[in-house]
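Chain nomenclature is as follows: A, B, C and D, assigned in order of appearance, with residue numbering initiated at 1 for each chain independently.
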């Protein structure tokens, strides 16, 4: 068996950084002048933990700064690893290649954005005062809020770090059980994050719902996994793959087990009809957390899904995967459901939640195109590239949108769309960025959202357009002869058209409604910078050299992922 | 108004323009036809000049007084055109010139393109639609008529328009549009291809629209303008399709190519007469629209809403002649002696029928008109119809090979165009003079307040003007005589020919021609009646309203054109006949000259007119003279004739005529004028009502239906998609009940359906 | 020694009961318990597998799964408590401020 | 990358526009509040500069190009292509020929004019830079020879136009802007699918498409033999492309976004919309659909004729039923655009040249129409036909421009529209015979609705010294149009007449291009396709 020494820690740098961050988070804010008296002596030895805290570390900002630094360095290290093409394996549970590094980068970057937004969303004030009897109710409440925020800084960021740890390990696991455990680590922490604002009614409710539905989904998933174990006796992905390929006909244990796991991951990515708790969770959670769920959590779900669908159950080239049809149907239902439901949503967070459901549908459509088995390695890579690329840039513009909502949320309400009213008059740059995010979500060129959507449609068409009859001379004979996966492309296109309605509506509201208040938005200087940076990147990743290099990286990642088989 | 005598010096600055021709001829060594571009170019450039200067310097005293709000510029431009036209005319007529039968000058290539043949190769020759001029006897004649009359009418307008306060500050528009209109006519006549003919033709349509709607605030004027444009547009569309067919046949629209050999089309293919027939018929529809023939005649009476000079311009000098010119251009197609195509007789018959019907109809409507300009308008329609009949007959003769008869009919028709244009131009100007002075008198009495709905154009308000307006009365008398066809005067020389040839065709060759023949013969008599009626109602008898006593013939710029045209009308027809104009116009000769000495030619001509060899012709001729000269005027005199008021004296000729008119007794026609027939005639035989009704019941509802369809069905479908999507959205959002139990249930259902999908598809 | 298939069969029944219970019951605590049932059914499967394959991993999986279940319950109860403190209910039916 | 002029004229306006847009946000308030005048002057200067460059290109001062002698399939002013996203084969490749150059020139012309017409636009510091961005996007569509870039620019034009309608539009602007954006975007994503299908049938070129092995290079696609092997798929792609292009043109039955967009758009917006954006549809159709799939085009000639006829005839009838001036003008655009399909359907050099000239002529005339309608709205606060009468008294210039524009649009000779109409109709008669009566008679309908609208606006005031004023003026006397409106319309009117009398200025290059187009592209397809003639026979059968 492997010993711990076999695991090269230098390839787990992001995880190690996050662990260290966690430790520091626990230790540093608690540093104080506590002394312990040596027994039987009068000597007091400073133990530094507890007591009156040092003024330097008693600052409630410390945890968020630690989190930001941790995530930034983890993200950076992931990038470095990615660029260095670091590959390593620690069989049977961990494997590191470009794919995993890319996803660690995505996760940690998303978490970095979460921490930056949370820095303003969960403001900490060093001059918090205890309310006394003289205060009015309002000022009392605000004081209590400040105190509460100060107190729970550490909790929040530790949870974030745990989410990060779980996610990064999900990407790296090559053992199904390991994968699941890490997924649970991330999930459980995110349930708490969703319900973090326990003082508000919706916070608790959102947490409950998300937790209940999520737990049921993971219970189903674990059960499915146990079935797989019954079938194979081994949950290593490589072994499962092998067994799957040597399987003559579909074993019911295997089939049902995989299906059940698909349900669990379907919940994570927000596929219909498992997505129903997502909008509630997003709207109940604070915007940074919602952004995290919409980007990193979804990406994590997709990683897990890809592991199952593309590695384990993928048949030999030329054969159709058994899940293809089901996934295709689900993807169409998902995107349509998401878009339709978003159409009339008055809550921007719900709207974005539904939109992220729709995006999941697009990506699943692309996945099911791989499932047709029509493509060779190249074209499969292309589609996978599209999906990964989409997941990557989604962090930019979807999270960007949630960061803008964070700004709005700070001043009261982001639960109705009217919070965005007249944003352009209050803050043109933020409004413009929001508009760019919306257009990118809608897939309007030349923004990066367009490029990813184009690549996905591209991939589907690439696989399917060749299947039509070559000898057909009329349109209809061709249409009847083409693989039905082709219509997924059309479905995506029509759905993009529907989605324009609500994305543009945001633009409309920002530009035309009279603002509820004329007060300028929060200063939140770093958040602003981040938003603008995200908008810029959204633009630059759409066309030009940056998109080129990003595509190259993603493509290599996709190759490294598929090469495993 | 006022100090009139001093206005003539205004045109002194134009005198240097007289140097243009000498300079071009001697200094630049140009040929006359090389200078023809000036005829078009100068008005074309003056048009925006007047418009812009007028708009900028509007209300400027100097602009008003010195340039007559652009009148002087317009006059100069038209003068140049006239001058060059005369130069060309002289060149053409003088024998030492290089003119062949016609002349073409190519200016520039308008558009060029290649043609894909049916064997999928590009035709080696690039096709060119060019711009140039084409001159032959017909175009020269019409060019002269147009330039000459435009010049005179412009001259007249400077008196007529600038003295009317209602026109103040708007005259630059009038002159600019006037000049453009003239340009259109000149261009059309000079054009060397059917396409450019059509282009200028349309320009005239535009200008007629602008000028008829000159009094833009009048609802009736706006309506009339629209009606004129649209009615002619209907014809124009058919004309355009005709051009397309012609182009398809010949691969070109230029006269030179087509007339070279009309029987062979593009690439030497033989032309099918059937196809050509349709082409020509469609061209004729265009002509019908432009020349206001039945059934597209409805616009012309309404067009009297424009200022009187405009009426003169449209009816005499320019627009209505365009249709005639176009039909005249059809001759080479049907002339079987010169490569024409046989089998197009029906075309001639159709044209003659349309002409006959229109002539009769217009004349009968003219019986009951009381508006002096309306009478003239219907007379125009009627006379044009004469010409159409003549042309139809000529085409028929040409096509059946009766070359000589065809020449006479054709020449006579063209000559009638000349006579009619001169006479009608003068008549309109004279009527303008009457209207103007009556209006002034009325203004003078009532201090500009028109509270009793006095209509200065209504002949029932006139009478007895012979003594007040001697020049006008004389001019109008000669004009009417020319139209009536009083022997020796103007129209007589041409009308005789038309009627005689029509009858000849009917009697000798083609029984179908009887109807037009009878109709135009009847019309001759009716012309005699209504023209006399008009003159008598206006000038003879006692004044029928108080304003007449205050009428003076005092406005400047008005008399000269009248005088000039009176002379031309009175003796022009005879003199030109002496010179063999009919043969010239029919392109039988290239020159105008007398055969033999003066005396013998005079005798020849007279004999030819009154005592032709052919018995039928002689009979018809005398019947015509009898009807038009004796019966018609006497009937009119019995109803409307009468002496002037006591103490009023007119000049001898007119005085005699007035007193003669009272000699035939009087007849009360009030019963007749209240009859159904009269009502129908007064309502223009209900054509306008009918068209209006049809349009209001078909086109407008259909347009509204289309708009509704677009809004409700096509756009409605889009809106349906939108609203259905919103509805679907609300529905689908209701699935998210908020209850976690339902979410789990849905997830379970989803799980089940996944398995159903997987295994359902697998088996 | 019990035949592993019996264990699996028991697991299936437990899973079914748990799943049905999750959307049958309103009370969040009961639902939580049903989820525990489902997790336990998975554990039974792991145990059965471990027995069948004589693979020690199965036991480990079971142990970890129980740990996960414990964590889940801990977190779940905390969240339910926070909901109860604001909404004064733990009925999944009544907690539906967030909807549509 | 070498310095090439097409890239410069495309990129410059976009970047300067963006900078000018962002400048007031970045600079302190005191400075940015004074920026309006500077901004619009800079915008105008750049627009004029580009116009001068385009004009110099036309006269050959730059590049020394013989425009009448560009063989079909060749492009002038090509740049040295460099890849933008090389892994999927996107490159920056530009070039122009006689098909696109008139459009380029038109764009560079219309931008300064529309700036001029709305010189005093509110929030001018945003308005004029947006127009600049618009210019860049439009030029990008016409110059790019890479379908990806083409598509990007194609959609990029939507954004400034969307904002123009949204910010400066009329009362119902939100609905109109949304409809405009979503409608055309939806249509063009179908086009995108078509492009992608083509993309996947391209052969690899070295250095391009390292990831996919394909490329978007239009020139190479045209050069590739048998781009899509399956004929059924070719037809399908053709139809997908048609959906995108026909919606942009727009053709009945996918035209209903246009009236709404126009009615709500600001004057400059509708000028550009009608003047250039509609032409993008026809341009793309010729450049991509017809060039790449000539055989499909021939097969679908009956469809083209149907669409063209439907737009032309039905559009004209709908026009007649309108009571809103701008709506009427918008529908007239639909009607005129129908002629373009008819021209292409003839498959004659003359017809295609006519269609090209129609694009050009309509690009000059319709901005004039919309400038007039815009000024009408601006000064009388209404667009209802008949509510304001007697403009001839109140604003002789406006009525003059109106008269000119209306007349030009109804196809009066010596104006640009007539040339195209005649050319198309001649070619149409040659191919389809009596069917030409339908478009021809539509000219009467066109005349009817134009004249009726003029009768009720310019004329009929019932009093020589007063017009009938609309309620929307609240009893105020209307002002005359401003000098900049006047100048803009004046230039357009002048050009209308100039190109009517001397069409050969642009006609010659269009004509030689169409000849090349027919011989190089269509003839072979026609020969291959016996159905060409049988199609027409079939059409005739149906009509009988």
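The definition used in the following text is that contacts are C-beta pairs under 8 Å (C-beta built on N, C-alpha and C of every residue); 3 or more make two chains touch, one makes a residue touch a chain.
Since this is a predicted model, take the numbers as computed values, not measurements.
Note: the chain lying farthest from chain A is B, by mean C-alpha position. With centres computed from CA atoms alone, D is the chain lying nearest the middle of all the protein shown. Averaged Cα coordinates give chain A a centre that lies 25 Å from the centre of chain C.
For this pair, chain A with chain D, the centres built from the Cα atoms lie 43 Å apart. Between the Cα centres of chain C and chain D there is a gap of 64 Å.
Chain A and chain B have centres, each the mean of its CA atoms, that are 81 Å apart. The multi-chain contact residues of chain C, meaning those touching 2 or more other chains, are 19, 22, 28, 31, 92, 95-99. Multi-chain contact residues of chain B (touching two or more other chains) are listed as 733, 736, 738, 740, 742, 744. Among the residues of chain A, those in touch with two or more other chains are 208-209, 212, 216, 220, 279-280, 501. In summary, the structure contains touching chain pairs A-B, A-C, A-D, B-C, B-D. Interface of chain B with chain D (complex): residues 51, 55, 108-116, 120-122, 127, 166, 173, 195, 198-200, 202-203, 205-206, 209-210, 213, 215-219, 221-223, 225-226, 229-230, 233-234, 237-238, 240-241, 244-245, 247-248, 699-700, 702-710, 714-715, 718. Across the complex, chain B is touched by residues 179, 183, 252-253, 255-256, 314, 317-322, 331, 347-350, 353, 390, 392-393, 396-397, 400, 403, 407, 412-414, 418-419, 422-423, 425-426, 428-430, 436-437, 440-441, 443-444, 447-449, 451-452, 454-455, 458-464, 502-504, 507-508, 511, 514-515, 518-519, 523, 526-527 of chain D. Chain B contributes residues 733-734, 736-742, 744-745, 748 to its touches with chain C in the complex.
Interface residues of chain D, counted against chain A in their complex, comprise 25, 83-88, 90, 151-152, 154-156, 158-159, 162-163, 166-167, 174, 177-178, 181-182, 185-186, 189-190, 192-193, 196-197, 199-201, 211-213, 229-233, 235-236, 239. Taken in their complex, chain A has these residues touching chain B: 208-209, 212-213, 216-217, 220, 250, 255-256, 259-260, 262-263, 266-267, 272-274, 276-277, 279-280, 322-323, 325-326, 329-330, 337, 340-345, 498, 501.
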